[in-house]
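The structures considered in this document are given below.
Two complexes come next, and they have one chain in common, chain A, joined by chain B in the first and chain C in the second.
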Partner chain A sequence: MSNLSDISDVATTHAAALAEARDANNRQIRNARLSAALRYVILFGVGLLMLYPLIWLVGASFKTNSEIFANPGFLPNSPTLDGYQKGWETSTPYTFGRFFLNSFLIIVPKVIGTAISCTMVAYAFARFDFPFKRVLFSSVIAILLLPNVVTRIPQYILFRDLGWLDSFLPLWVPSAFAGDAFFVFMLVQFLRAIPDDMEQAARVDGANSWQTLIYIVVPMLGPALISVCLFQFMWTMNDFLGPLIYLSSVDKYPVSLALKLSIDTTEAFEWNRILAMSVLTITPALIVFFMAQKYFIEGISAGGVKG
Partner chain B sequence: MARLQLNKLEKIYGGGFKAVHGIDLDVQDGEFMVLVGPSGCAKSTTLRMIAGLEEVTAGEIRIGERIVNALPPGKRRIAMVFQNYALYPHMKVRSNLAFGLRLAHVPKAERDAAVDEVARILEIEPLLDRLPKQLSGGQAQRVALGRALIKKPEVFLFDEPLSNLDAKLRASMRVRITQLHKRLKAEGMSSTVVYVTHDQTEAMTMGDRICVMKDGHIMQVATPKELYDRPANLFVAGFIGSPEMNVMDGQISDGAFHIGTQSVALDAGLMQRLQSRPDQAAFGIRPQHLRLSGHDGLRARLQSVEFMGHEVYLHAELDGHQITSVATAADYEAIGTDDDAIHLTPEPGQGHVFDRHNGTNVSLPVAV
Partner chain C sequence: MKRSRLLGLAYLSPYLIGLMVFTMIPFAASFYLSFTDYNLMSSPRWTGLENYIELFFHDRTFRRSLSVTLLYVFLTVPLKLGFALFIAYILNYKLRFINLFRTAFYVPSILGGSIAIAVLWRYIFAYEGLVNMLLAYIGIEPINWFGDPTNALFTLTLLRMWQFGSAMVIFLAALQSIDKSLYEAAAIDGASKAHSFIFITIPLITPVIFFNLIMQMVQAFQEFNGPYIITQGGPLKSTYLLPLYIYDEAFKRFDMGYASAIAWVLFVIIMALTLVAFWSSKKWVFYAGDKRS
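Our next item is the complex of A and B:
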């Protein structure tokens, strides 16, 4: 008899323990969900805060000029493409398309020149021994730390004496000679993290230094090179000072200057046009960034090779 | 056909460190030469000089009749297999194999045929369209081997190709490489091999001859059996063979070797062979030749016993020397120990006498 009650005792405690465990489990799951929800709310809030100016910009570009100041929200009351149409015309003899074309005429050669020259220089620094290598590499780092403005005036005088003012040359040429120390440095660091066995294997396979560079090193550098191109693209797109200093005729202006132009020339600023053109200006950079995002992240996380 | 010769080959690294001290080595056509030695003895440096990946400081390298010192790696008609495979990560296996031929402007049809043949030999046909990161270690190493094979080089260079593989795979790859070498040789292809390893099992099982190196010097070049039976010096004696050869210091007098208060009779043959009588000598005997005996022989104090299946390793101490004896499990059972003390008898004809000053084996038979 006592035996039987023992057994039922055990059974009830067992069931109780089970229920308790289930409760604890559920509590845990609930807590986890709650904290996840909280986390997302906070992240979303902060993200919205940071993106708000951009969202507002896009919204405002569809407003009329008067509504921009009357309506603080970002949704336009009566959306209009007026800003885009008038803005595209500009107050100059050229349409905004011309300025976009100019921007790309500056960017494309510059990006290509940067990619090629920086790869070659980085390859030399990372893989070859040559006289004064240390001194030269230190000077690359020194240039990296030098504020940009310091070189503006000597550079201006140099390009003036070469007769290159009011042409794209001063914007292209420095980059085509690996003038951007930052990219050289970035690629050197990336290359140093890649073991050179593959390159040695290629040399045994009969490749010379150029073939090794093109067939082996460049493909392995891929992600880093994409980052370089992306950075250069965005920086050049946004570069204001360079074109401002070297370009004087309006027909050579890139979009960054053209935007400023529309502020200068009109008495009462047509803000909706300026905003509309600003939206267009940032679009290419956004598109390129999102297309290359995957490689970009791979490229800037240094040592991008796994075993 | 390609014989490989190193003459007074020397390497001084940038920092002034002398890694290779003027070595001479003659590898016959079709020979499988293994370079073996402890870490840092400049095996890789030597191999890389042969490959052309490291500049030669002095001396010459000949492949066949050509002095190749000044040739770039691609022109030396060599192929190399690296320890970590060094496959081109962005190319499919097929392109990895064909890369060398592509650079040499071999027509596509011929290239494809070569790839297929090599893939068949190495059984990597199903892998041809994979990327290196989709291969296991053993598969990657076979592809690396294929990349060497496809070039039909005069000399194959291997730098520890198996050390990244697990023990079982290593054993099977060892056999595969040896068979491949035999096959090439039988087909009349160039098949001179220089194979670097620090693993003496690999060295002993694969090499036609073995070159034992230490600190940038060659200690001995000989067949595996010769190295085992007649080590030229203490270093080789200690390096080759497992467990290590027992070495005991002492003096020779009256036809016996005296170790402390004990002595070992030296057989007449050995006495006759002695080239000199070093005042500080060492007696060397392999653990396999140090027999466990009942009461006579050298008395040693047993310290530990390792059971290895049908053999037993007895680790003991004899007059301050750590020694090892390999006995059969049956013998060990039968004879047993006498209060920690064991008696060991060297097998006649198996002992060596070394000069302690320079380590040379003074009991080698006169060279034949």
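Our next item is the complex of A and C:
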């Protein structure tokens, strides 16, 4: 009998425990659902805050000037290409096409110079031994943290003495000497993580260090090099202070300066021209970003980045 | 593997030349120039401490600019990092569309310093702009975002907070690398989510917090595009950050000596705060034994 009552006792406590557990479980699921919902609400809200200004910008660039400050919505009431047509013409003898061309004339040599010099330097740091290696590598990190503001004035004087003012040279040359320490750092980290077996094998087969670099190391660095080029493209496209200091003739202006110029010279109420040109200015960067997103995310996750 | 040392130096040579010509020499020259009077026309004239005495004891613009800069940095950096960490924390749960959200949050950072974004900010925070139009819907009086000296700096801060994406991506990568079993063990011991966050998450990501803190701080001290395009330093110099002042002195008034002195004060402040951060990091930055590399 006692056994039986024991069993029934156990059964009832068991049932009670089960019910309690079920309740707790339900409560947990409910809580989990609630907090998941809350998270989506927050993320969606923040996402809207992030993107709506950009969405509004695109819509507003097709609005008439009177509508820009009257309609907070995205869709224009009476869409017009007026902003694009007149904005493209600019108030200078040049169209925005010229300024885009200038931007690319600055960007392309700069990106190539960056890629070549940073690869060589990263190869040296990751695969060779030389005097003061530690100190020199620390200097890479020091430059990474060194505020440009302190070297800018003497650099300007140097480029003036060389007669390089109002040319693209001050914008190209420092990058061709591995001046962007962040990229050197990123490539060194990447290269250190790759074992050098392949390079050893190539050397056994009689390849010299230059051939090893070109045929073995560069292909392995592929994704990291793409990140370097993309970041440099983006930063140069957005760079404003460099061109502002060094370029003085309008026919050499990149888009960033041209946009500033159009703010200064456009009639105070011709807002849609400026907004339209703003849209065009950010378009190349957006296209590149969406085409190559994974390189950006990997690039900054790996090395951390300014921005 | 040891190869010829000369070969290594040969590959390093672009960096060595760049380091000398574009960093070390300009760095030293800038220090020298800060003790001179130099307008680019005649050669620099040594004036000793004159520039610094002028700066610290007579220049009211400098004092204003310095306090505005410090306020800007101390507002922007913690707000931006706090927000980035908060969003990264939420994104770290196994949610659907996480990549979509991450992309959406990262887009403003990609456009970062673009002049177009500063222009956009100028329009949406104009008195009759988008933000005030939207506020009107919920019955809030229009706010004078950039016209009022007390608001202008804060509105610039909002612009940089909007670009929290790259700090967030770095936080998210760090959060994703934390071993999940630590949380499970803590939960069994009865730790609440808040406890787990404070005692597990935060210590494990302190290296990344430290990294973000330094990078964002160095960057915030050098903010130029935002105030230059949007407010031109106004109203009443309430957004006249030191980089703007340096730019005006150097490239508008061509007073290279005085501009260098301001640049050096800014540099010393940044360095001092960086050193404080490095020094204090021994106390609060936690490197897991196997992660030190």
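Convention: the second predicted complex is superposed on the first by the 246 of 307 C-alpha atoms of A that agree within 3 Å, B and C clash if a C-alpha of one lies under 4 Å from a C-alpha of the other, contacts with A are read in each partner's own complex, and residues count from 1 in each chain.
Keep in mind that, in the parts below, a residue touches a chain if its C-beta (ideal position, glycine included) is under 8 Å from a C-beta of that chain, and two chains touch if they have at least 3 such contacts.
Bear in mind that the values here come from a model prediction, so they are computed numbers and not experimental data.
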Partners on chain A (chain B, chain C) - clash or fit: fit
Partner chain(s) touched by A:238 [first = chain B, second = chain C, both, neither]: second
First (chain B), second (chain C), both or neither touched by A:219: first
Partner chain in contact with A:269 - chain B first, chain C second, else both or neither: neither
First (chain B), second (chain C), both or neither touched by A:202: first
Which superposed partner A:130 touches (first chain B, second chain C, both, neither): second
Chain A residues touched by each partner, larger count belonging to chain B or chain C: C
Superposed arrangement (fit on chain A Cα atoms) - minimum chain B/chain C Cα distance in Å: 6
Footprint overlap on chain A, comparing chain B with chain C: 129, 200, 305-306
Contacting residues of chain A [partner chain B, same complex]: 129, 195, 197-198, 200-208, 211, 215-216, 219-220, 222, 305-306
For the chain C and chain A complex, residues of the former touching the latter: 1-3, 5, 7-12, 14-19, 21-23, 25-27, 29-30, 33, 40, 87, 90-91, 93, 95, 101-117, 119-121, 123-124, 126, 128-130, 133-134, 137, 162-163, 165-166, 169-170, 172-173, 208, 211-212, 214-215, 218-219, 221-222, 224-225, 228-229, 243, 246-247, 250-251, 256, 259-260, 263-264, 266-267, 270, 274
Footprint of chain C on chain A - complex, ascending: 36, 39-40, 42-43, 46-47, 49-51, 53-54, 56-57, 60, 68-72, 117, 120-121, 123-125, 127-131, 136, 139-140, 143, 145-158, 160, 174, 176-179, 184, 196, 200, 209, 213, 234-235, 237-241, 245, 256, 259-260, 263, 271, 274-275, 277-279, 281-282, 285-286, 289, 293, 296-297, 300-301, 304-307
Residue ranges of chain B in contact with chain A within the complex: 14, 51-53, 72-75, 78-80, 82, 84, 86-90, 99-100, 103-104, 133, 147, 151
